[in-house]
Amino acid sequence: MTALSLDSARKIIDAALAKAADLKLKPLGVTVLDAGGHLVAFERQDGASFLRYQIGSGKAFGALATGVGSRAVANMAIERPHFMQGLSGVSEGRVVPVPGGVLVRDSAGAVVGAVGISGDTSDNDEAAAIAGIEAAGFTPDAG
Amino acid sequence: MTALSLDSARKIIDAALAKAADLKLKPLGVTVLDAGGHLVAFERQDGASFLRYQIGSGKAFGALATGVGSRAVANMAIERPHFMQGLSGVSEGRVVPVPGGVLVRDSAGAVVGAVGISGDTSDNDEAAAIAGIEAAGFTPDAG
Amino acid sequence: MTALSLDSARKIIDAALAKAADLKLKPLGVTVLDAGGHLVAFERQDGASFLRYQIGSGKAFGALATGVGSRAVANMAIERPHFMQGLSGVSEGRVVPVPGGVLVRDSAGAVVGAVGISGDTSDNDEAAAIAGIEAAGFTPDAG
Amino acid sequence: MTALSLDSARKIIDAALAKAADLKLKPLGVTVLDAGGHLVAFERQDGASFLRYQIGSGKAFGALATGVGSRAVANMAIERPHFMQGLSGVSEGRVVPVPGGVLVRDSAGAVVGAVGISGDTSDNDEAAAIAGIEAAGFTPDAG
């Protein structure tokens, strides 16, 4: 398993924010977690509200915790609300089950981390995350 | 009450993972709790995401907390959501109300522990738990 | 009050890590919080252990919560342990009372944020934080 | 970075318990965490009290969180009690600062996980952890 380096995390954030600028998105918070769910890097753009780290981190953490992108976690929450309630409990409230949390896979398919973005619509958040992951040479898995 | 020995817990885990291999299930985490809801043994297969202990443990804990297998706990959650909300609160978020948490009963019918499995579909998780419990000479109660 | 921009936070982190490289410090985590104690930016260097965000954030949060640098918070903890115990409680465990959490003051003396660094000795962590804050054109207040 | 496989975790546990039998130790709980602090495997011997998982896990987690074996974490707690209080807070009470939490390093020196043992004296717990790690072909770092 490749570790997700700080250098890679910076590339992901820079490219995600560049994509956001292209799409004229609202101010974002971009979280990069390692495979164990721990913070590697984060940036919050000026004007983004103050809980963006917690929300984006919750998307990325939920993806890592379940092994699928947070779009799939969101579907679980709709189809099996009681599972999501339980997951929220056992993770001590760390899971945010909406799109925008994207797994980072290496060339062998192994999960090396996750990106969580919050600030615009969930679909746009996810698009920025995917762009960032691809620009850094990894494969995004949005769920 | 017979105590659930480590030797029995190992047999349960080995047989559950053997069943999982037969069924070609995704990588699993297998939790064995004693009658007091405390951890006896756990194994997480390579490739299983990192919250498998918490999720499987939440299934087994919910079964022990209510005295029925977690399939019945899942039904409670659907039929009486406010009860489940309260149960989540008083257990400090330790209950995951979905199938895959199976009570371990001895020959007298007493509950000596519970097995919680997470990693594949809830139905498959439960099938592996049942196989493990039976192979160790106990009676499974899936709810 | 000037808001602490992401651009300033990046300058602080870059300069803090440059100082750390000069001093040959161990791998660091560098946290930048705004005046409300919310995360603006964070970077964890390769090889730094995984709780660096929480520890560094706890230094910066404690500084903001009391209005003095965390070196002074550390002295409070020694001189008035019961105050610190209470502070830990009301902050839900978010305060780490050791040096390395440095207030960021603007030219008028107003607190616009705080930097928290963790990874080397507390004194070295603090030196890197001070260097970062000065390089970004602010006044450090280490306590 | 090598991932800590379930097969390696089993070898560590088996060898730690064999060492414990040689030394005629009291019943133990043996926890193996991965590099992200997540549970890979656990076994609690018959007769060990029920919080052994939490205690042993707290030793291993504290080692991973600070990057040193828990013997060094214990020294930190004695020399800098307020740091330890802060660490306890930001880790949400997950750190147990006593010997018996030993880092697992691979041949390149990278931390791939940690073993935490609880049940006998801290020194004996640590001896069993070291024996287990060595038997599995890794390098123990007790702090």
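As written, the chain order gives the labels A, B, C and D, with residue 1 at the start of each chain.
We take it that a residue touches a chain if its C-beta (ideal position, glycine included) is under 8 Å from a C-beta of that chain, and two chains touch if they have at least 3 such contacts.
Since the model is a prediction, treat every value here as computed from it, not as a measurement.
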- [ ] Compute the centre of every chain as the mean of its C-alpha atoms, then state which one is farthest from the centre of chain C.
- [x] B
Open item on the list: Quick check: how many Å separate the C-alpha centres of chain A and chain B?
Closed with: 30
Task: Interchain centroid distance [CA atoms averaged], chain A/chain D, Å - done: 31
Task: chain B-chain C separation of Cα centroids, rounded to whole Å - done: 44
TODO: Just give me the whole-number Å value for how far the CA centre of chain B lies from that of chain D.
DONE: 26
TODO: Would you pick out the residues of chain D that each touch at least 2 other chains?
DONE: 3, 34-38, 92
Open item on the list: Chain contact topology under the given definition, line, ring, star, complete or other?
Closed with: other
- [ ] Please list, in label order, each pair of chains that touches.
- [x] A-B, A-C, A-D, B-D, C-D
Task: Residue ranges of chain D in contact with chain C within the complex - done: 35-37, 64-67, 80, 82-83, 85-93, 111
Open item on the list: Residue numbers of chain D touching chain B in their complex, please.
Closed with: 3, 5-7, 9-10, 34, 36, 38-46, 50-51, 53
Open item on the list: For the complex, give me every residue of chain A touching chain D.
Closed with: 1-3, 34-38, 92
Open item on the list: Can you tell me which positions in chain C touch chain D when the two form their complex?
Closed with: 48-51, 54-55, 57-58, 62, 74, 77-78, 81, 84-85, 88, 91-98, 122
